[in-house]
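Just below sit the structures, each encoded as structure tokens.
Look for subunit A in each of the two complexes below; its partner is subunit B in the first and subunit C in the second.
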Partner chain A sequence: MDDSIVLTKETRREDVPNWDSLIYISFIVAVEIELGIKFRVADVESFANVGAIVAQIKSMPR
Partner chain B sequence: MTWLPAASDFRRDLRAALGTADSTTRVEKLASLAQHRLGFLETMQLDRSLGRITSDTVPGFSLVRLAILASSTVDHLVPAIRVAGLRRRLLIDVHVGAYGQHRQDLLDPASQLYRFGPQTVLLSLTARDATAGVSLTATTSEVDQAIARSIDELRHLWRKAREAFKATVIQQTFLDATHPVFGSYDRLVPGTPSRLVARLNDLLSQAASSEGVLLLDIARASERDGIDAWFDAVRWMQAKMEIAPQAAPLYGDLAVRIIAAQRGLSKKCLVLDLDDTLWGGVIGDDGLEGIVLGEGSASGEAHLALQRYVLQLKARGVILAVCSKNDPVIAEAVFRDHPEMVLKRPDIAAFVANWDDKAENLKAIAARLNIGLDSLVFVDDNPVERARIRESLPMVAVPELPEDVAHYVRCVADAGYFEAVSFTPDDQRRSDQYAANAEREALLGSSESMDDFLRGLRMSVVFGPVKAVDFARVTQLINKTNQFNPTTRRCTAEELAAIAAAPEAVTLQFRLVDRFGDNGLISVLILRPDPGRPDVLEIETWVMSCRVFGRELEFEAMNIAVEIARRRGARALRANYIPTKKNGVIRDLYPSLGFTRANEEAPANAAIHWSLNLAEYVARKTHIDRLEK
Partner chain C sequence: MLFNSYEFIFFFLPLTTAGFFALGSLSRAWSLRWLILASFFFYAWWRPLNVLLIAPSILINYALARMLQRLGRNESRRRASRVVLILGIAFNVAFLGYFKYTNFLGGAINDLFGADLILTEIILPLGISFITFQKIAFLIDVHAGRIEPFTLQEYCLFVLFFPQLIAGPIVHYREMMPQFQSAPCRFDKENIAVGVTLLLFGLFKKVVLADSIAPHVTSIYGQAAAGGSISFFLAWMAAIGFTLQIYFDFSGYSDMALGAARLFGIRLPQNFNSPLQASSIIDFWLRWHMTLTRFLTAYIYNPLVLALTRRRLTRGQPGFAGHRTTLGAFVQLMMFPTLLTMFVSGAWHGAGYLFILWGLLHGVYLTIAHAWRLVAPRFWRDRNDYARFMKPFGLVLTLVAVAVSMVLFRSSTTAAAVDLLKGMIGLNGVALPASVYKTLGPLAAWLDSLGVIRDPGNDWDFIKMTIWIPVLTFIALFCPNTLQVLARYEPALGVKPSPSDAAVAGRKIEWSPSLAWAFAASVIAGIGILSLGGKSEFLYWQF
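Coming up: the complex of A and B.
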């Protein structure tokens, strides 16, 4: 829980200190649990930045 | 993990813990937060707040070094393991071996694993590796041969882990994430993927049983929850995670239950409420004819199912107690007179029915059974009583029972309070032994004096060296005993076998028999010569079950130990007393046996060294006869 990190649409993996693959998966799982959605296997490897995740979520049926 | 209560405000409580400057208080706050129902993300956050464990010990918590060697990604399981540890007051330092490198790690003394020096090694392997190369057309015997090869390799790794680290080995059962090839017909073809995993788990159980390896049975857990709760194809393809992140909190709890059980931290006693728990309705209002219990009513069957399950727990050695707001005469009459009662009055080792506060009653039950409050599980349908106990006695486990009594059994079973790492003949007799203790108490009440009582018991001690047949019980006793345990030194069955085989060591096991029955194997004493001074024997381990406190057995055991030591030509005995939260009851054990203090005033909580000159020892007269085996 680090409230000092502010995400924008342009935030990329390398912008967040101590980012690693476990944190990435935790982040994806957090979004999935929070929004009740499930990303496709093709989605999870191609997100370039936060904006891409948001765009993907907007395109998904809720 | 529905048996745990929901956290009222997780983020607020976590912030409050993080804002605590004192590290001991912070760990205490985090530990109490860990007692709540937490999802994957909350578990991660709690673990991050706990931070890296250093060798600095936190008072009241024990350190555990656990290595996980895996053929899939397991990093996401580590926070859940550490949080499950925190829940049991264990601070777990986890070493994760390199992905798929479990063989190299175990076989290479230069590996990081060897530097880490684990106390417990958990092998988490996928069925894919173990069944690779077996074709769909394989016959039963070809399947068995291929699987036997995989199992033999595992046996080799288990032995290696034990030789290298004297570690406890836990092997994870194989998760069945396969898909049907034929359909229902899969079960009739030995080479189908699902049959291979089933056979693998069969032969694994046999091998683990013969090697004394413990199993972490996620195969069973995934059958219970459904494979979708445990395996997520996207996570497997994305990161080779065989266990889905959502299953991590439960995985951690299942794993740490075993580690805790091995350290004697499993619960010992189930304390039951009566009205609307063991039966439906209120006996004081509804009367014997009015309460709901037994066949013919759906609710009656649900209460009956709980009673039947409780009786099964008793059969495996769980002590039963009753704590109820009731008139004692009316409450006891149900056990005697209601035809549908499965539980009978003699099944209950401590029966407390009155109108007092239940927290006080739980204290009385623990005191009467001579066990710690942290050995109790309190089952009560009333949320107010549950909250009251959680608040005033946080060390008592209180399952958050579901609304519907139909699911009570499942809740108590899922919580895994009574996780075991062995099942011995002593377990099977335990509840009867506690029942006999009630008769002993009655004798004590009617005796004129303590001397009169001890004589009336007509006690004999049956003693002899620890033999292979005793290893399971002796290991269990050493690892479970916290009160009469001057050093709190633990040991694995492997280590015990090595000590028993060493000619210079003296091992003694004691059983106490009296007119009310056999108390079972209740004490173990291990003496080893000081490497520098062969004429000095050190009491390396001495444990005694709290069931036989106050019977003079410690005096007779020391008489016996001294005779044996003298026969070996020893001149002195040495002993250590290392104070813990739990062993204060034997603070004065060694001076009472004639030992003198060997070190000057040590700081509080430091080890106190004692020594006994055998030439000066005067055998103490007791009321216990001897039967040497």
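Coming up: the complex of A and C.
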């Protein structure tokens, strides 16, 4: 783990060095498992930044 | 109706445009209805019976999509919505499958089991592969709640809009409908000027550039299919020549599609971005037939990777982790989805072993490229150093890899493909046409000693391709493409001027509504139109 990376709500995919689409999907799935939720494919593709992911999670029924 | 035919350019297109503007002064609704009617006519021109096949399929898809829309609003009925979606996809795949794959599967069963299934010729409705993909994408989008409520008329316009009907670009409903809904439907100088320029550039690319080598490529592939063994130079010329031919053919077609749409004030998505300048095979697929790559990524690759990642992580297995990715994760999350996606791409292009092999070969290429991306930084710490070396090397490697794959794409029989590939590695000997040999003087004796053979025929194929291949390669590698030249007028959806394009072009070549460009366009139009009338079809119209 690289501790120098600090996520804020404004963090975008291009802000993280060596980020790619497959790491992104692993990250999203890790979030899903941690919180016991499931995103829709369309949402996964459209998240612009960390804030958008947080907003989506808050809007989801638990 | 072919884009490169007299009836399209001098009859259908001017009349449709004029009618569109005339009705536009009454109401937008009538302009759009006129477009649907014209598109039906366009589709029916080649074989009127086709309309009877495509119309029911549109109605069934519309009904399914409406059903999905109703179910989608209700969270408790997700399961029912899923069932309808799966039925819809199955219907479309079966529809395509019947026309495209019945004979292939029958033949395969005959091959495998020595069965005697009788194969009858099934006539493929024009553009069915493109139309089917677009309809499937629409159903998935409706299911995902990405589509606003729509009418039958809007759906028909989306499916049938003639510039993109037969061979793409494959469009999304959500990028097209807002344009139709807000189109002024009035005569607009800029739209007409940009549209006509795109049409002329595209026509020129097809009838002058692609068709310059097409007969020679056809000649050599024909000889290979007839059992002739193709020698080293001619085999490479056929492979590279076809790669250039299909690039100018299909990107020329795509330019014409963009131009035709622009006459009505509609922008289609970009389909090509100088793909032969790609420095890796990954880069190539981001620049070649871009709307197909976009479709396959969004509707096959991404959902598959997401599902597989979920499965791995819930089982506690490691996911994708950049340079620390495990072999298991790479095989399951990268190699398998890539191969499967490219297999679908191959099968979509055509029912035949060679198309499937072509797709799988690209899947292998992409897998190797992705693996290389993961391990390369271990050998090259300095990124700039790596880029300096890899850019030219990667460009040549990509070009060769694509040319080899195109042998599978173009060959009519497996034997022809094998023969050409053997020729390319020198197994069929090295030969020069006898007439070329004669002009070499003292060099001839030296070539004899190297074992070069005199080929009694193929003079014209050899000479014409020796001239045209460098010319076309130069244009494909070093000239700005049509959309870069027109970038200031957003010729395709989202295509804007970029500072790096100017650097590629050396100095900026930019279209403007000026006398000089009008003259250049007229010359291109003149040459293009004089070259019309041949029976030369666009390569992608068969799919």
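In this section, the second predicted complex is superposed on the first by the 62 of 62 C-alpha atoms of A that agree within 3 Å, B and C clash if a C-alpha of one lies under 4 Å from a C-alpha of the other, contacts with A are read in each partner's own complex, and residues count from 1 in each chain.
One rule holds in what follows: a contact is a pair of C-beta atoms (placed from the backbone, for glycine too) under 8 Å apart; a residue touches a chain by one contact, two chains touch by 3 or more.
It should be emphasised that the depicted structure is a prediction, and the values quoted were computed from it without experimental measurement.
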item	value
First, second, both or neither for A:25, with subunit B first and subunit C second	both
A:45 touches, of subunit B and subunit C: first, second, both or neither?	both
Subunit C-contacting residues of subunit A that also contact subunit B	22, 25-26, 29-30, 33, 40-41, 44-45
Residues of subunit A touching subunit C in the complex	18, 20, 22-23, 25-26, 28-30, 32-33, 40-42, 44-45
Residue ranges of subunit C touching subunit A (in the complex, touch as defined)	141, 144-146, 298, 302-303, 305-306, 309-310, 313-314, 319-323, 333-334
Subunit B - residues contacting subunit A, complex	11, 14-15, 39-41, 44-45, 48-49, 75-76, 233-235, 237-239, 241, 245-246
Touch list for subunit A against partner subunit B, complex	1, 21-22, 25-26, 29-30, 33, 38-41, 44-45
